[in-house]
Structure formats: C-alpha cells, structure tokens
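Pasting the structures here.
The following pair of complexes shares a single chain, chain A, combined with chain B in the former and chain C in the latter.
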Partner chain A sequence: MSRLAFVVLAFPSFALAQQKVIEISGANFRPMPLAVAAPMTQDDAAKKVAAEFDSALVYDFSACGLFQVLERKGYLADAKEGVTAGSIAFNRWSDVGAEALVKTQLSTEGDTIRADLRLFAVGAGREELKVSEVAPAKNLRRLAHKLANAVYRFYTRETGPFETRIAWSRKSQQGRDVYVADWDGKNAQRITSDSVNVLPALLPGGVAFTSYRQKKPFLFVSRGGGEPTLLLAKGAMVTGAAFSHDGKRLAVSVSEGENAEIFVANADGSDAKKVTDTKFFLNTSPTWSPDGKKLAFVSNRAGNPQIYVMGADGLGVKRLTFQGNYNTTPAWSPRGDVIAFTARDERNAFDLFTVNVDSGKIVRLTQDAANNEEPAFSPSGRLILFTSTRTGARQLHVMTVDGNNQLALPVDKGDYATPDWAE
Partner chain B sequence: MGMSTGRGAPGRTTMSEINVTPMVDVMLVLLIIFMVTAPLIQQGVKVNLPETKAAPVESTDKKLVVSIDANKKVFIGEAEVQLADLEEKLKANAKAQKDKELYLHADRDLPYGIVVDVMAAAQRAGVTNVGMITDPMGAGRTSKEDKKKK
Partner chain C sequence: MSAQAAHSLLRPRPSGLGPFLVLSIAGHVLLTAGALGLSWAFAGPPIDLEQKPIKASLVRLGKPRDEKLLPRKEPEPPPAPPKPAEVAVQAPAPPSSAVKIPSKDAKPEKAPDLKKSLFDAFSKASKPAELEGAADGDPLGDSAVQEGERYHGLLQAVVKRNYDVSDTIPEAERRTLRAQVSMRIDAHGEVLDVRLAKASGNDLFDAAVLAAVKKASPFAPPPPHLADELKRDGVSFVFTP
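This part shows the complex of A and B:
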C-alpha cells in the first residue's frame, strides 16, 4: 500500500461549513441514497480495468453501512453525461431518489492508473468533493478503496473500513488454511499451505493462529506473510488467541487435560500467566476490552457455555449472559459498549446477538437466515464480519453493528470460518 | 297571531302600535332565503385564477412523474425510456419503490391502450399509487376541438 501515491488535488474547504455530517449510530440513522455512475474511461487500457475498479467501489459503498447504493439499472441520466456540476442533469438523479452522486474517471499514465472521483450533492446541484489517486494497475481495488474512504471521511469525519485487513480459516484439500486479505476478501494471501490451521488472530504486521503443523496444536505466528514460527506452546492445546488493542499482550486458552484455562502473555508469547483456575471447566475464546483492562470469555462453569467478563488479571469474574443455554465466540466491540456473540436459540439455530457490557441488555442481529456465527468487529466498531450458511456453504458476510445491511463478501464459495478483522 | 289591539268598532280607536306580525313573517322568510342561498353564493363565485405555464413550485419532496407525449414516447421525469424497459426502470428506482407512487402525465390525444400499458408496468413494478395529472384549462378546448374534428 505504501507504493500508492496519494494525491488529494482539491478539498473544497468552503463546503465544510454547510457540509452534511452523517451520524452513523442512533435510531434515526437512515442510509443515504447514493448513485454511483459507471466509471468513464479515457483510453482502452483504462477501459479494461474499469469493471474491476467499479465493482470494488460499489462494494465499498454498499457494505460500509453508510449508503444505500441505488441500482444502476434504474438510472435515468444520459450515458454521455459529463463529470462537472454544470453538465449534470441533477433532476434526472433526484428522480431515481439519489441524494448524492459519485462520478469517476479512469485513465492510464504509463504503468499506473489514475482515478478521479467527484462527489455531488444532488439536491443542491453542487460538487462536494474532488479526489484523485494514482496507483499501479495491480493495486486497482486499493485505489478504489482509497477513493471510497475519501467519500466516507467527507460524510463522517471518520476513517472508513476500506483499507483494513481481515483473516479467516478456510477448508482445503489437506485440512484448513489461514488467509489474510483486504476488507472485501480480495487480494487474499494464503499464509499456510499444509496441516490444519485455525482461529487466526491479526496482529500488527502479521497473523497468529493455532496450527497442527508440529503435531500438537500450538500457537504460531506469520509476520509479513512469511513462514510461520512457534509463538506459544503450552499444555496440550493452545487456541483462541486474541491480541490486546495496543498489540502488547496476548490472551489464549490452554487445554491441560480435562479443563481449559485462559492465559495472558506478552505478545511475543513470553511470560504466560494463568488467569482462570477452575480445575474442571472449560474457559475459552478470550476477547479484550478496548482499554486492555478486561477480558470476556466463554466458560461452562455454570453447566453450559456462557459469556463471562473479568479483569485481565483474572479477578472480578462476572457472568454476562443469562439467556439461552449456548452462548459462545464473544467479540468485544472496539467502542467498548457491547460484546457480540453466537447463541443457539430455541429453534436450535445459531444466530448473532450483542450484549451490553454494563446493562446486560441483549439485542438480536440475525434471524431466519440459516446459521450465523463467529462475529468479528471492524476496527471502528461500526461493522461486524461473520460467517453464515444462508447461501448453502459457510460464507463470510458483513453487517452493521445493529444487524442492518447484511451482505456477502465477494469471494468464491467455500467453507470459511472464524474471521478476524484489524487495522 | 292576534297581536293587534284593533278589536273595537272601526273608526272609534286609532292604531297606536305597529303591527309587527307581517314584519316578523317577512323577516323570517328573508332569513330562510339568505340561509339557503348563502352556500350557493359561495360556490358560485367565479374567481379568475392567474394562469401560468411555468413549472410549479418545487416542493421538498418532488413527485416522480411519468409522461407520455403525443408520439407515444415515455419519459421518467425528463429522461426518455422505452416502454418495454419501464417496469425494470421503476423496479430499480429507489424513489418509486420508497414512495410507491408516481404521477402520470399523458397527452390527451393518446389511445387509452398505451396509458393502460404504462399503468400496468407501474403496477408490476410495485408502484401501487398512480395519480393522473389533469389540465383543467384544456378541458373546454378539448370539446371545441372535438367538435371541429366532427
């Protein structure tokens, strides 16, 4: 990504005073109807890459939860309409319900692609934002992500999720492999190529996962996509690694026979300390609070798996979920307020819920869409990545933190599991 | 209603009071007449509203207008679309799908069939409220022209 030249040509500061800032959270939030015109191309080489660029841009706007991207089939504008405010028939765009309009132009400059994006307010008939980016042709989707981010930032003053990383474990011929990819599942890099590798946990510059590559399932780490090295070997099995948000500490579950206990160690695997000590019960799936002071985890000490919260030193254990008899895979929101988890409901379907850390209030996120499991929060805490069997195979999906805008990632069919999401 | 006192022999006493009975009768009749005519008068007032050919004032929620001109060309707003594509266009139109309504602005000389085709397309696209835009100024003209044709 560092190879991307980043050029912001003009940012209309005069528009800032009257700019519409979208408040993403809250009951009154309504996705903004956004029209994304097909990219205009200046030359043949740009024409070849336009479809890929376009799909990345449209996916970004659709999946980020901020916009309702209007169907292009319904557009009424002239195909040869220009890209300047003066040449756009804005009433044709308002007739399809658009409040904002994005127009892009692609051109090639040597080995690089140049993309210009303009954002218009349809009601006011005014250009709001103009951004240009240049990138090598192979980084085309990242070029689109950067432009989408500029639009997202314009409306929210926040960085969008478009340039974050996700990881997952996917079924392969000989077992399971760990992948790291862009937020849309594209540019996927396979980290492992043999044995069974599960439960990836992203850390700055790398990914840790539980692997059977040295017979016993211990924790390994791959930095920069390189050969995995052993990070933590303890007991009979090390699973469910989670790195604290400052990247300094690591929580894992270590099986020692009948039971499994939570351990907290330094991020390099050193100085591992046992923080739960239940002797006969399972304590798994730790997840850090944003300030790194607390851990949420799953324990069956009450007879069935429930979510518990405790201090990172193991003190002050408190049960958080009291509904249902099977609550697992907690993920603590980076905003701190809620924990998302998988629960088996009364119809034996697995669905996603959030529980408020303070009040214990439970909110259902998925329903009537086969099994939905294994939530992972986006770094901003606005979105949740999860697996769902609604399309048949277990696929990666994304939705907003209140369960709206559920969308499948544009990746090929396969058996995806235990996604993770990080900067 | 013998309210007058003229009961004595004629000529012997003078009438010193106004006989109010016929006056009350007349007033009541007048009152009834006014009561009956008052609403009729209001309805019957002919006001010459200013005629205008300019576009109407655009309200904040502009309605979607589908127009058909005399050449049977179909427009959504001002964009021409093929009749065959109309259903798909409306299905993909967020505004039509949200409001579930559109206004039909068809040339008065069009055959009934094409107007029905457009309305059917709108219905198939889930736009259940179709309003007809009429032109009251043209009503008189139509009958005159119709007579000319005959």
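This part shows the complex of A and C:
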C-alpha cells in the first residue's frame, strides 16, 4: 500500500496521463441531407427533357428513405455554378445543411441522351463519384434511375430499388385491370384489358393474377406482357397467389363453398397440394418466408381474421397476432424478421402494422391518415408499398419499413389496389 | 377541648394542599422549560418568506391501454416555443479597485445565510440530473450521473444528443464501426482542440462523430478539480453505433 502511495506521489504525471475515456453508443440514425442541383443542359434538346429527368432523380432520392432531399428554393449557391469540385462553393452548400451534393449534366446525341452525375462530399469538399450513362430518349426516367442507383450503391453497397418493378390492379370501365410498372409507377404497362383482374403477383419475367376472364375466377399468368394463360384452376376460386423467393413454388388460396384452404404448387401450377385443412373456416393470403420454408397466412379459425405461420408443408401452425380483431393481407419481409399486415383498429380505421416473427411484437406504421392497406415489401426489405385513401382516392404510397417518409407515387389519381413489388 | 369543639367545622385542620401546589408549579415549570429547550434544540432552519413557493400538481395517469387492442403511436411532443430574444445589455463592470460606497438607505450586509447557500449548492448539483436517461436503462436504477463522475456524465449526455449518423452507412458495417475522438477543453468549457484519434474506416461515420463533439460544444464549465486535467490531458470519446 505504501509502495503504491509512493508511486502515485512520486510520479503524479504517470497517474494523470491516463486520459478519461467516455463510451458513446446508440447513434441517432437519420436520412442524409442531400442537395440535388438542377440539371445543367448543354443543348436545346436536352433542355426539353431536363424537367422529366430531374423529377425522376429527385423522386428516387426522396422516396428511397436514405436521403433527406433539401428544398431547392433554399439553395444559396449560384445557379450557374460549375460541376467540378474546384468550381463549387462548398460552404454555400454546407450553409443549407447539405452533407452531400449531386450535380448532373445532360446532353443529346441524336436519339440518345447522355447524362453525367457527380457526387460530392460537402464537408470534405471533394468529388466522391462520377458516373455517365447513355440511353434512348424514351428511357429518360430509367436513365435517372440508373444514376440514382449508382449513388445508392456508392453509400450502401446494395442495389437500390430504382430499377425494380411493381404491379397493381386498377379500376377500369370493364372491371379491373392489372398493370406492371417501374418502381415509381411510371412506364406502366397494362397487362389486361377486359373482365375483372385482381391480386397481381410478380414472378420473373411476368405477372400472375386472379381473373374472371373464363367466368370462374382462376389464376392466370402473363409472361413478357403477352396474352394471359391459365396457370391454376381449382375449386370455385383461386386467389392470393404468392411465389417463393426462388421462384420455384406457388402458394394460393382455393375457395370451395364457404371454405378456403391454402395450396402449395410448383410455379407452373402443377402438383398442387393442400396444406391447411379447417372445414368451415377461411385460410387466405399466403406469403412466403425468404428461405421458402414457412408460410404466413390469414385464418378466421379463432373467430376473426388473424395472422398465422406454418411450415410450407402445413405443419406447425402457430397464431402470430393476438391484438386487434381484424388482421389481414400479410407480407413477409425479405429480411425475414417481420411480417407487415393490414389491421382494423378500434376506431374502425385500416392501418399498417408489422409483427415480429419471433417475439410477436406489433409495431404501428400508419396512423390518422385515412385508410392504409395491402403492404408489399421492396426486394431489399427496406421499403413498403401500400394503398392509402389519405388523398381521397385509393392511391399508391411508399414508406420505409419503420413507417417513416410516407410518400405518394407520382401517378395520376385512380383506384389502385393490391400492389406487389419484385426485382 | 370538648368533643363537640373537636368536631367543629371551624376548627383548623392540617392540609397537604400547600406542598401539592408547590410541587405542581415546580413540575409545570420544569415541563415548560424542557419543552422550550427541546424545541430550541431541534428547531428547523428559519423560514425564508421571500423564497418562491414550490408548486406541485397531482397528475392522474390514464387508464392503461387494453392489451388486446392494436398499439397506437404516441403523439410527438409539441415543439418548444421559441425563446424570446434576449437583449443582453451589460453594464460596464466597476474597476476591481473601486470601493463600494454605501447608499443612504443601504442595509448592513447580512452574514451569509447557510441554509440558502446549501439550497443553492443542491440546486447546482442537481442540474445534471435533469438529463435524459438512456432508452435502454433500468427505470429503477441510479442515474449515470450519480454513479460516475458527474461532469463526465454530462459530457456523455450532451455529445450523445448530437450523435447523428447517416442512414446511408451499410447495416453490415454498423456492427464493427468504432471511432475515437480526443478533445481538450478550458476552464470555461470551450474546446481547445478536437481531433479524430482513431478513425473507423468509414468517412461518413468519422465525420459524424467529429461533428457530434463539435456541435455539443461549448460545454458547461468543468468543476475546479477536473479543470486542469481536462485542459492538460483532455478526454476521449469512443463511439460505436
């Protein structure tokens, strides 16, 4: 003891040189403040298409959930500022709160458009990324999606959602039609043009849907936008098609009388096997776990619709939701951890929730914004596409998996329903 | 004396009233003196009538939500009202050598009120206790402020409040990120220098942790016993997501 006291007294600097260390964790993760300068155009033809290109690029960055795109009105930099690091007054961009800056240039070469994008780190005042893409003029928005993807990949090392496909059914004069479009709802291709066609499910190179085109509502598939062909006809009605993530298997709900059971078949509709068997009850809306080993579905076997999970062979059925008395349309996250679903709450509003597959914990995603229904996960599992009546008509909206950044897709008003999302 | 006279009511008889009265009076005097002595011995601090009253209000907690109902999002607290702009007009300080001239109606200076100084000391010491607890902390546990060095707890809390990290950092990378920032501060809490002592390898994360410390400054002045150490050796922050 006396020796220790001697050391401390004789060499006080030894004791004092120890710098106090404070541990800090639990960061507040938030979208990165990003400034997207208006595109610079090098000729008149480029000037004509700049607005469309710009809207696609800004929507991509705004809707993907990673960035907070700063209002262009507040920018302080000179509108004619250059596109190289040496010509940019970075302090003016940092003054508006930007941490990153995107600058683009457009030029035309015959029928093609060339776009150059540069990404700058505002704090460091340096260029981080330079990408150039050339595309036919008709693919202008896809050109913007490619460039947005390059920025997304630069930061996350993941492929962004910008070049994925979505599908929906929309009310038409004849009934309902199925559409397939880019992730922002643009470049929509109408797959059907008669009868009632609902519940689209995307598969590689095509889309399957329930159609009344042959009187009874059976499952049809359209490949490459071609004429729909019958995929599965069983019982009185085939609904809620869902393809496993490897694209090899198909789960559907087959109705007969007042009973509906889940069937699992090969992706071409062959070898359909019944995996639920509950007489007098409904089992609908199957959705696959990412590994293809389990299915979640809706059943009213307990008296009201609730979300259940079971093995893909029908064994090990387990009820997952115990809160609320009307839980429907489950969508299993591609990350596997949660299932998103629609629920009617005690105020009779339909809203979106997630339930943790392991713990059963339910988290609300939407609230006090009219009715929000029918979730569909992006292929990465970061985003959810859904329908909402908050603007009056039933529109498509997108948000992050935790319910933040809810944005309407830039499409015309209409009655959109049952969206799906795939690579 | 005849037997008749011995039974007369007018005949004086011996009485114990006198000693009883004397004893009773002495007892009451002693009791009163004792009570006064005790009340003097255990007297509380003098009541400061100028002290503002402490207002307490009872809040009735709402009925807990039925567990069978779906959860609702908590409404976000309304933003704090903007503080009115304070126009600080400071009177020029008198030279330290100036001798105070008592005004006509000046009262003689009171001896320092021990109770008041103690109260002030407690109120100062209680400031860091107003900091938010950790979200994952034990609700019944002691605050970090009490457990560790109070001032270091304060530094940790204010830096953490500014610890904003970009969502763009890949989730796989978040598990391994670790950066260290060293800083020195002066006796007023102003940052003398701040630097990235150990980089994480991710530029965005490194910039975020440096920004967290810079945005949190200036800090509250350190207590005298830490001022020298913080100026000479500084303090390190180790950041993990």
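Please note the rule applied: the second predicted complex is superposed on the first by the 396 of 423 C-alpha atoms of A that agree within 3 Å, B and C clash if a C-alpha of one lies under 4 Å from a C-alpha of the other, contacts with A are read in each partner's own complex, and residues count from 1 in each chain.
The rule is short, and it goes like this: contacts are C-beta pairs under 8 Å (C-beta built on N, C-alpha and C of every residue); 3 or more make two chains touch, one makes a residue touch a chain.
All of these numbers come straight from a predicted model, not from anything done at the bench.
In the superposed pair of complexes, A:F353 makes contact with chain C only, with no contact to chain B. In the superposed model, A:A121 makes contact with chain C only, not with chain B. Contacts of A:R364 after superposition: chain C is touched, whereas chain B is not reached.
Judged by the touch definition given at the top, the superposed model places A:S270 against neither chain B nor chain C. With both structures placed on the common chain, the touch criterion links A:G74 to chain B but leaves chain C unconnected.
Of the two partners, chain B and chain C, it is C that touches more residues of chain A. Of the two partner chains, chain B is the only one that A:D95 touches; chain C does not reach it. Common to the chain B-facing and chain C-facing surfaces of chain A is no residue whatsoever. Chain A makes touch with chain B in their complex at residues 33, 68, 70-78, 89, 91-92, 94-98. Across the complex, chain A is touched by residues 67-73, 134-136, 149, 152, 155-156, 159-160, 163-170, 182, 203-204, 207-208, 212, 229, 232-241 of chain C. Within the complex, the chain B residues that touch chain A are 62, 64, 76-79, 81, 88-98. For chain A in complex with chain C, the touching residues are 16-32, 65-67, 99, 121, 123-124, 155-158, 322-324, 343, 345-346, 351, 353, 362-364, 367.
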